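For reference, chains read A, B and C in written order, and residue numbers begin at 1 within each chain.
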Amino acid sequence: MSDKFDVIIVGAGPAGSAAALTLARAGLSVVVFERGAFPGAKNMFGGVLYTPILNKLIPKFWEEAPIERHIVKRRFSLLSSKSEAAFEFRCEDYNEKPPFNQSFSALRARFDPWFSKKAEEAGAMVIPETVVDDLIVKNGRVCGVKARREGGEVLADVVIAADGVNSFLAKKAGLRKDFSRAVLAVAAKEVISLPREVIEDRFSLEGQEGMAMEFFGDSVAGMVGGGFIYTNQETLSVGIACSIKSFIDKKVAPNDLLDRFKAHPSIKRLIKKGETLEYSGHMIPEGGFERVPQVYTDGLLLVGDAAHLVNASFYHEGTNLAMASGLYAAEAIIEAKEKDDFSAQTLKRYQKKLNNSFVMKDLKKYRAVEKWSHENLKFFEEYPGIALEMLKDYFSISEVPKETIQKEAYRKVRTHISPIQAFLELNKFRKTFF
Amino acid sequence: MAGTLVFSEQREGKVKRVALEALTAARTLQSKVGGEVAAVIIGDQVADEAKGLTAAGAEKVYLAEDPFLHYYSSEGYASIIADLAKKLDTRLILMGATMMGKDLGPKLAARLGGPFAGDCVGLEIVDEGMLVAHRPIYGGKIMSTVKSRQSGFQVATIRPNVFPVEKQTSENTIRIERITSPCDLSSLLAQVQEVVATASSKVELTEARIIVSGGRGLKGPENFNLVEDLAEALGAAVGASRAAVDAGWKPHSYQVGLTGKTVSPLLYIACGISGAIQHLAGMSSSKYIVAINKDPNAPIFKIANYGIVGDLFEILPLLTEAVKKVREG
Amino acid sequence: MKIAVCIKQVPATESKIKPSSDGKEIDRTGLSYVVNPYDEFGVEEALRIKERLESSVTVVTMGTERAEEALRTCLALGADQAIHIKDDLLRGGDAYGVALVLTTALMKEHYDIIFFGKQAVDDDSGAVGIHVAELMGLPHVAVINKLDLKPEEGRALASRQIEGATEMVNIKLPAVFTCQKGLNEPRYASLPGIMKAKQKPLTTLTLADLGVDKDAVGAKGAKLVVDCIKAPRVRSTGNIIDKNPSESVEELVRLLRDEAKVL
């Protein structure tokens, strides 16, 4: 192919499509390569799409985007094998008018194709079923890609690697080393169908209201990570995500862990009578701020998961960061195009934009989470059980006077953990997360 | 008149079994369709076979003989039958879903302006002579029931080996009427020039009562004799999975499945075949399915009536011997 | 040569198919779609002819909005132009209705060769190609696995596999062929092909554009209607024998003889 494009984007996930949309609107010639049968065909996430950037790119997106429900309720719960303690938050402000709280449950197999189509309508060329195998590098500058097809060499001024967590292009370009096992999480998820009324009944929702639930402790057998349930219109997204390291340490397979999660009494009743429609697995880059590589080089930018941009703390917020990075990368390229200079020096503007935005600021705030997690395994393995045991004792009714019960409960806890230790650890937890 | 007309396919002067199945089906539906059950046989020097059709249930047989009809011809055969059907004001035309029937059925239906239901595994007549047909779709993943909206010139082909054959005992007098082609058979736009027998298995797959099929589990073409020996002992046809065909162990004419042949024998024995959905598409309507596979989790076991978990290299020779003994004893 | 290939978009063959709640149609949620595998042979054969003789290849489909993808796929492979017949009134039609519509579209031009698949792997009716040939008054050869064109003589020699033999049919052009596996090996689209496909002409036509009587097609004109669809009867899985080889064989033979009575 002799024609040259302004920009080649590899990967039609949220990051790639946000970049494609922005570039195409600015009149640049853009081609997007996607290995799936269609954008989103094999993509998965837990289930909540955070939309401030989407709303900026496509105002009133909710009127046409294939989203499921708007989240009005969040619930965090701690499980032991038999008990559950939960914190639930619901706010009517989140229910007022679109875009509500900028959080919507969604299914990627439906959302990604729609978003990609928007980029296509803006003028980007989207080519599915085409794997990019290599970068074309001349004089130390990335200037194209090789796709796995006859006549597959395509040239461009800039390549955007939006190829997700395993970004093979980032590695090729030498921007990323292979990640250590500790910073990647592995997730397994099922989409389980249930009639709309059953979902609304079981989760106390009305109309298009939705709910996000996270489960820690025994939900994932004390591993570093958690389980989740998100409500869609007529399905539930049910899954677990834990660090690769804990899967290896505990010698558990993700699908077995998911089965175990689904069998937990607290979960079982929520998914009862549901039929599993699909099963998928995926990785999450959870290394946070410390692991974000340099995101630019001559002729190449990294966006989204390829640049390790996920806020793993409470949110598993990746799509929003992916779209933001796609947008900033596109803006930097549009500026570079004006100067007709695609050197690292110019493209560095992208890194600046990222740093000045919520993307790097949020990641910085939660920078200690990953390290904390692996240094405080007790929070996953032991403490949930202790806490729930205490609550159980506390609430158990018998002839024993309440005061004795409560004293006994605290005494039991103290055999596991001293008050000072508890104070210090909780303080560290607070600092890490809040 | 308004009865049923059964196209009695013959090849090499021999009427196909499925034509007898169609005749039996026609007799079963006769009280609802009304009129006579007639058969039409077309070919060159096939008069002897025409007589046999009466015994098989045809109340009347129409016979078209012509040297130009020696080979099948879409246009020639369709004109003769359409002409006859119009004369008889036929309600229902039945034939086997063979290579000939699958070609002739849609052609006739379009010519007569009637509905066409192909590859049926069940037929009923409801209301005022409307055909209701049961036919597998989506490669057998779905069974559909279709209903005709007009009672005349309804054409259906039936899947071989699904409908029974019942011989009629009544000593009907043989009523044969000769008919001729309404068109000039010598100047048709498409004409079979030659028919070359293929050196495939002795019994044709789509018509076989028993089929033994081999897959990738056979490891190589040299081992197909294990399958062939068993087939020989059973008087069966030999089939293959696409994996075996793509590997070049057997020609495509052996392939059973979505992109191969659809078969529905009485007994289907799958040897070293995993049971991919595309393979099942071609054989899941077999009456009895036997699977021989060393992997107890192979999907083929999910649809097998009987299965042996084991190494086919051990099982097949033993099975062949055992079958021979039963056949002899 | 002017060649037309009729193609249909169908659910991928590995899809799980189940009836929708009303039992009239299949449940289409989550399905992915492909060009009917048999139609691919038609497209490939047309392209191979085009490589030898000066030709133009038009792909034609009747289908919903989504079917445009299937046309683009064929354009990416090398077809020159596409015709998409799309009309809500076409819903619920039968093979005859489809054939009537395609016939009208195909009659607008003179084609020397029209290819179809031997059957669409969704409704498995295997009728549309032959119906069209009849409606157009053209000769046809169905289920071909070899095509030998003699353009200078205005004819072709087509082979088709029949039970235990190969039939060689001499046919005068213009003609209709329905394609079977074995005819060729379909190619993969090249990247330049895919890129060019986006710019190739794709005409969308409605029933009114074609001048087809709307009462003759779609649900209204259907001669055959779907009464209901069901999952097939589940086969009761039988007896899986996991013993030593000779015991297993003995058991199997006993079952085949005494229970199934097939020996």
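Just so we're on the same page, contacts are C-beta pairs under 8 Å (C-beta built on N, C-alpha and C of every residue); 3 or more make two chains touch, one makes a residue touch a chain.
Just so it is clear, the model here is predicted, and its values are computed rather than measured.
S.K.: Enter the minimum step count from chain A to chain B; a value of 1 means the two chains touch.
M.R.: 2
S.K.: So which one's got more C-beta contacts, A-C or B-C?
M.R.: Per the contact counts, B-C leads.
S.K.: Rounded to a whole Å, what is the gap between the Cα centroids of chain A and chain B?
M.R.: 55
S.K.: Just curious, how far off is chain C from chain A if you go by their C-alpha centres, in Å?
M.R.: Roughly 42 Å, centre to centre.
S.K.: How big is the gap, in whole Å, between where the Cα atoms of chain B centre and where those of chain C centre?
M.R.: Computed value for the inter-centroid distance: 21 Å.
S.K.: Of all residues in chain B, which touch chain C in the complex?
M.R.: The contact residues of chain B facing chain C are 11, 71-72, 74-75, 78, 98-100, 102-103, 105-107, 109-111, 113-119, 132, 135-150, 188-198, 200, 204-207, 210, 234, 252-253, 255, 258-260, 266-267, 277-278, 281, 284, 287-290, 296, 301-311, 314-315, 318-319, 322-323, 326-327.
S.K.: So in the complex, which bits of chain A are touching chain C?
M.R.: Interface residues on chain A, with respect to chain C: 1, 3, 31, 37-38, 41, 109, 125, 127, 130, 147, 149-152, 154, 277-278.
S.K.: Spell out the part of chain C that touches chain A in their complex, as residue ranges.
M.R.: Residue list for chain C touching chain A: 30, 32, 188-195, 198.
S.K.: With touch defined as at the start, can you tell me which chain C residues reach chain B in the complex?
M.R.: Within the complex, chain C contacts chain B at residues 11, 13-14, 16-19, 26, 37-38, 94-96, 99, 121-127, 130-131, 133-135, 138-143, 145, 157, 160-172, 175, 181-182, 222-233, 235-242, 245-246, 248-250, 252-253, 255-257, 260, 262-263.
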